[in-house]
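Next up: the structures, one after another.
Shared between the two complexes below is subunit A, which has subunit B as its partner in the first and subunit C in the second.
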Partner chain A sequence: MAKITLTPTKIPTLRLEAENISPDIFAGKSKEEIAQLHVFVGKESQALGDYFEIAGETGSTAADTTIVINGDVSRVKYIGMKMTAGEVVINGDADMYVGAWMTGGKINANGSVDAFSGLGMTGGELTIKGNAGNYLGAAYRGDWRGMQGGTIRVSGNAGSDIGTFMRGGTIIIGGNVDVHVGTHMEGGTIIVQGDAKSRVGGQMVKGDIYVFGDIEVMMPGFQYRKDVDIEVDGTEGSFALYEGDMGERHGKKKGETIYGKLYMKY
Partner chain B sequence: MSRSLMRLHSLRRSAYRQVGNLAKIVTDVVCPFCGTLCDDLEVALDDSGEKILEVYNACAIGATKFLHSQAEDRLTRPQMKQEDGSWKEVTYDEAAEYTAHMLVDAKKPLMYGWSSTSCSAQSVGSELGEEVGACMDNTATVCHGSTLIAVQDVGVPSATLGEIANRADRVVFWGCNPAHAHPRHMSRYSIFPRGFFTGKGSKSRKMVVVDPRRTDTAKMADIHLQLEQGRDYELLSAIRVAIRGEKLPETVAGIPAETIYEVADTLKSGRFSVIFFGMGVTHSLGKNHNIDIAISVTRDLNDYTKAAIIPMRGHYNVTGSGQVWGWQFGFPYCIDLSRGFARYNPGDSSSNDLLIRDEVDAAFVLGSDPGAHFPVGSVRKIAQLPSVCIDPHITPTSAVSKLHVPVAFVGVEVGGCAYRMDNVPIETRKVVEPPEGMLTDEEFLTMVLKRVKEIKGAA
Partner chain C sequence: MTDYIIRNGFVYDPVLGINGDIMDVAVRDGKIVDAGDLTKATEIDASGMTVMAGGVDIHAHVAGPKVNVGRNFRPEDKLFRGVAGSGVKRMEAGFSVPTVIRTGYLYARMGFGFAMEAAMPPLYARHTHEEMVDTPIIDQGALPVFGNNWFVLEYIKENEVENTAAYIAWLLAQTKGYGVKCVNPGGTESWGWGMNCETVDDVVPYFDVTPRQIVDGLIAANEMLGLPHCMHVHGNSLGEPGNYGVTLDTLKIAEGHKPNNEFGRESVLHHTHLQFHCYGGESYASKSFESKSKEVMDYVNSTDNITFDLGVVTLDETTTMTADGPFEFHLSHMNNLKWANTDVELETAAGIVPFIYNPKTFIAGAQWAIGLELGLMVKDPMKAYITTDAPNAGPLMRYPRVYKWLMSAKAREDMLDNTLKYGDSIRDRCYIGELDREISLYELAMMTRAGPAKTLGLSHMFGSLKAGLEGDIAVYPYNPESDTDDPEKIEYAFGNCNTLLKGGELIIKEGEVVSNGKQKRTFWVNAKTNENPVVERDISEKFKRYYTVTQNNYTVEGHHYLPNPYVIEVDATK
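Entry: the complex of A and B
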């Protein structure tokens, strides 16, 4: 796999919109061509080379291309947005929309990422060593399709509104989460290994949510069913199974109503 | 013919009528204060027809707005802040020049406000925003913007206030206090009017108020749900559970389960239920999700009866701003035009996020007062940036701006279209002339637009 390295050389005055930092766009381009790709600061179009030192080479296809960003890109938006294959490694913090609408490939963020990361993603792996912001794996405004496939793994904490309108895939949070987990969820799995505040599974139709720690305030529409012993993401344990949200519509399968499932670890 | 009906007929006959030899009364005046947009005001003018003497039918806030336009110490010319902090009077031409250069030179200017002006001024503003690649945002961003997000997420079953007056027999005020914020709402539309199917006025209606405080509105209610602060989502969810007849925990948000079942039954048993909601839910914990689930409650109720939900919009034409941008850009607020096409994502393209995250480099404010409404961190940014405030009044925003451009009062000194909180457009009325030589919002924006085009053409 060919590796190309971007080292930030300048801090943008406002925020940098760099949707071009993606293996799909870099593939088959020379360093000079990549340096000429546009980035936007407000209405001004500038060159990627104005902000990054570029080294290494790209592969002929996205799948053969690894982009390594060495440095702080906490003022750079849209890294790896809509990528389909290949790999992006971010050795630093990144701004909003990391891996938004990605359909394949891998993003390894070794720092933290801001809001709207993994928004509406349908495939691939997004791994975040630090913390994630709000709306992780959620739906774009007005879209009824949040995350539909792939895996998001966050070692730290995540913000609010994670997995809103989620329909597939897996989100694993090593730390704690803020309010609204899996709101309007219609499928997929969310695992919270720390604590959750409140509004877990509100308006949930289908899918699974696992919480290892506490939920400060439980939604009134969840009813206790039974205790189950299961293995979740490599952790075996005894969980209390709740079903809900009782206030929401639910489909039927073989005459049986299918509810959303919320597992609370003992 | 009843007395009131006769009076109504006489009002309709002529917009102006003479009372003896004393004052001239302008009738059917629309109040440019809140989203209720009362259209039955009468304004008494002096002999010359230039001075407002009194305002009839309006609430205290609305009347004050009319009378405030008459203030002796009113600012009538633009003024520019000097290095030593003092203000120097400048001409409208100089003001337009500064504004145009500020907008053209900025990489990403913020153009905020737009809620206290007419739709035609908003439309000129849109053209200007597009020309300079601005981030356009209106006061919904700190008000009912979360409502707009919820509507995009789950849709909305709504109605006009006329329907409410004539039909609604179950009225819920959730997180709003119309007794103080929309003073004539209850008398004109929601609680007291004797409508076609609500002949007994307030006696034919059941009023539910949901508020953690015992407000003056709550004191009038048949049922007051005094819930725990920030637990609206849970309580709304519990009402949905109760509507479906499912089991509830003993208490939700501090409200006993039996009370929740009772409220659910009250709403289901009505012929027409309506939920009005305000800032208590739109900007407390959860924001758009609170509205989302309130809309879901309304949708659920429609399985049993007719139900609607209406936001209690604040500024008199914030709704119109959403309407104008809706048809011009496809989005009602938080519009980022910097790349030449409209992008929208509150949380990213919303004013406070833009200001606090250092994403904008100039601030233009028209028809709103972020200095009074925004967090201090955002206001500090406005103070640091090149900034213009277009407002008839001296406000906290004008105080921190580099340039203050006073303009004529829309709805008092110039007419123009405004949208009521239920999305009904109403043409406001000009009552008196503005002070000599003063421009309207629209005229000043047109000047700036012309100058921007000239500067860009030369560049």
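Entry: the complex of A and C
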């Protein structure tokens, strides 16, 4: 796999919109061509090469291309947006929309990422060693199609509104999460290994949420069903199974009503 | 002003009976003139291309509070669909609920010169006008809604046609409206009581009046005033399986009414988006649902005072919006997507719901078929106008795709065989498979400009290339002799006109927008009536007792909201 390295050379005055930092766009291009790709700074279009030193080479296809970003890109948005294959490694913190709408490939963020990362993603792996911001794996503003496939794994904490309108895939948070988890969820799995605050599974129709720690305030629309002994992401344990959100519509399968499932670890 | 002569195009003009003749078309001082009368003019070469008068859209939702709520609550409709401005072009964005700028450019690229906003809530007329003023290039007008208006319901209950007419004239002047629109007559008001009017004989609670009376009374009042456009109805039970009987009942109300106007209009009733009203069966399932387009068209073809537009479903993700509040409520419970709703005091209500017409479902394919069937079954294309009820059945930008389906049996077969999952059951439950008619360019010109212009009472300005008419001319990159091999060429050509002259001004040059138009006009109808103290008293009383605004804050002040009005004067004092 060919490796191309981007090293930030200056901190942008406004945040960079760099949706061109993606294996799909880099593949088959020379360093010079990559340096000429545009980034938006406010309403102005500038060159990627104005902000990064570019070394190494790209593969002929996205799948053969690894992009390594060495340095702080906490003012650079849209890294790996819509990528279909290949790999992006971010050795530093990144701004919003990391891996948004990605359909395949891998992103390894070794720092933290800001809000809207993994937004509407349908496939691939997004791994975050630090913390994630709000709206992780959620739907774009107004849309009812959130994360639909793939895996997001965060070692640290995540913000609020994660997995809003989630329809598929898996989100695993090693630490704690803020309010609103899996709001309007219609499928997929969210695993919170730390604590959650409140409004977990509000207006949830379908899907699974696991919380290993405490939920500070439980939604009133969930009903306790039974205790189950299961293995979740390599952790065995006894969980209390709740179903909900009772205030929401629910479909039927083979005559049985399908609810969203909320598992709380004992 | 620059004069233009468009040379050697294949010209189609059903008003003049020109059917593809190669000839020149000329414009002087913004008006069409005989090509021989021009000596010095800028020449535009249209050889190998199709030339028609500018298009006229009789029904689209492109301005006003509903459209704007759609824009506000669907930011995802704009996602990745923006184009930055360049040259004279301003930024445009959106798909089913585009920005006003894109709306203007879309119409221009499709070769249109005039569009009628199909539903203006009178109380929010100011907003509608503000949006229309900001929509570049095209001339526009708007139809205020009357079918659930308390004044109208009360006058019609007492059979007071004269008072209804006086009120209509007053409201048109107050809102700078163009004609009489009637959406789900009585049903939207009933919904305020948790009910609906599902047939023409359901009684509206409290007002004690039926849709039949409302439609009949509004037609009578419309003809008493002699307005340029006829009564424009969206019937009861839109979208309900088995609704075709209600549609026939609605259409038959036109029997016994005669057109009375000085504009050459022959229709007394225009039924809009007829596709949504031609359903048989009891459910949306393929074993029950069926097309009743033939039954409805047999009737329409036997009359001479009814026109309609198609409302073809284009199988897209779109945004539905209508003053039929109860319908939108039901729709939101069918697809479980977001729903916005509004009640407009004494006048109307509205709902907005995103909707996906999924070609993988039977029902969306059947709806697609029914819309096309109506266009293919009409005997006189001057009665049938091509619309998508934009954006309800499909986005505005899909008009050229609808032309393709109407003009090419091959394109329809391809849809039934390859795109629609239930093509066979759609052939079975609808008439589409039996229809091999292909709409000609001559007929297309009837269905997109000559016909709608006539029914809007605007044939003295639009719809033809007759000398003296407005200099609205579209040149499409379509060669009727050599481009017949591939239906995709139809869709491309009619969405990307090569040249557009609007009022004699060059708007599109070689496919590029080169001007935002300097003379955009808003049309409204000023109907003079005799003094009517009863109606004046009622208006004053309703404003005092019910409206949340005063009459002074209701009036659309012309100088501010219509900087460039075009007033059609009607004298109804006789």
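Everything below uses one rule, namely that the second predicted complex is superposed on the first by the 266 of 266 C-alpha atoms of A that agree within 3 Å, B and C clash if a C-alpha of one lies under 4 Å from a C-alpha of the other, contacts with A are read in each partner's own complex, and residues count from 1 in each chain.
Assume a contact is a pair of C-beta atoms (placed from the backbone, for glycine too) under 8 Å apart; a residue touches a chain by one contact, two chains touch by 3 or more.
Only a predicted model underlies this, so the values are computations on that prediction, with no experimental measurement involved.
Q: Put subunit B and subunit C onto subunit A via the superposition and say whether they clash or fit.
A: Aligned on subunit A, subunit B and subunit C clash with each other.
Q: One more residue to check, A:A115. First (subunit B), second (subunit C), both or neither?
A: So A:A115 only meets subunit B here.
Q: If we overlay the two complexes on their shared chain A, which of subunit B and subunit C does A:V217 touch? Say first, second, both or neither.
A: The answer is first: A:V217 touches subunit B but not subunit C.
Q: Who does A:Y266 touch here: subunit B (first), subunit C (second), both, or neither?
A: A:Y266 contacts neither subunit B nor subunit C.
Q: Subunit B or subunit C: which reaches more residues on subunit A?
A: The partner that reaches more residues of subunit A in the superposed model: B.
Q: Report for A:G142: first if it touches subunit B alone, second if subunit C alone, otherwise both or neither.
A: The answer is both, since A:G142 touches subunit B and subunit C.
Q: Superposing the two structures on chain A, identify the stretch of subunit B from 95-103, 149-157 or 293-301 that clashes with subunit C.
A: None of the options clash except 149-157.
Q: For subunit A, which residues belong to both interfaces, subunit B and subunit C?
A: In subunit A, residues 140-142, 144 are touched by subunit B and also by subunit C.
Q: Going by the contact rule set out above, which residues of subunit B touch subunit A in the complex?
A: 106-108, 132-133, 149, 152-153, 231, 233-234, 237-241, 243-244, 246-249, 252, 285-286, 289, 292-293, 296, 300, 338-340, 344-348, 357-361
Q: Could you please specify the touching residues of subunit A with respect to subunit B in the complex?
A: Touch residues, subunit A against subunit B: 13-15, 17, 40-44, 96, 115-116, 134-135, 140-142, 144, 161, 165, 179-180, 183-184, 198-199, 202-203, 217-221, 223, 245-248.
Q: Contact residues on subunit A for subunit C in the complex?
A: 140-144, 249
Q: Along subunit C, where are the residues that touch subunit A in the complex?
A: Per the touch definition, subunit C meets subunit A at residues 73-77, 79, 336-338, 354.
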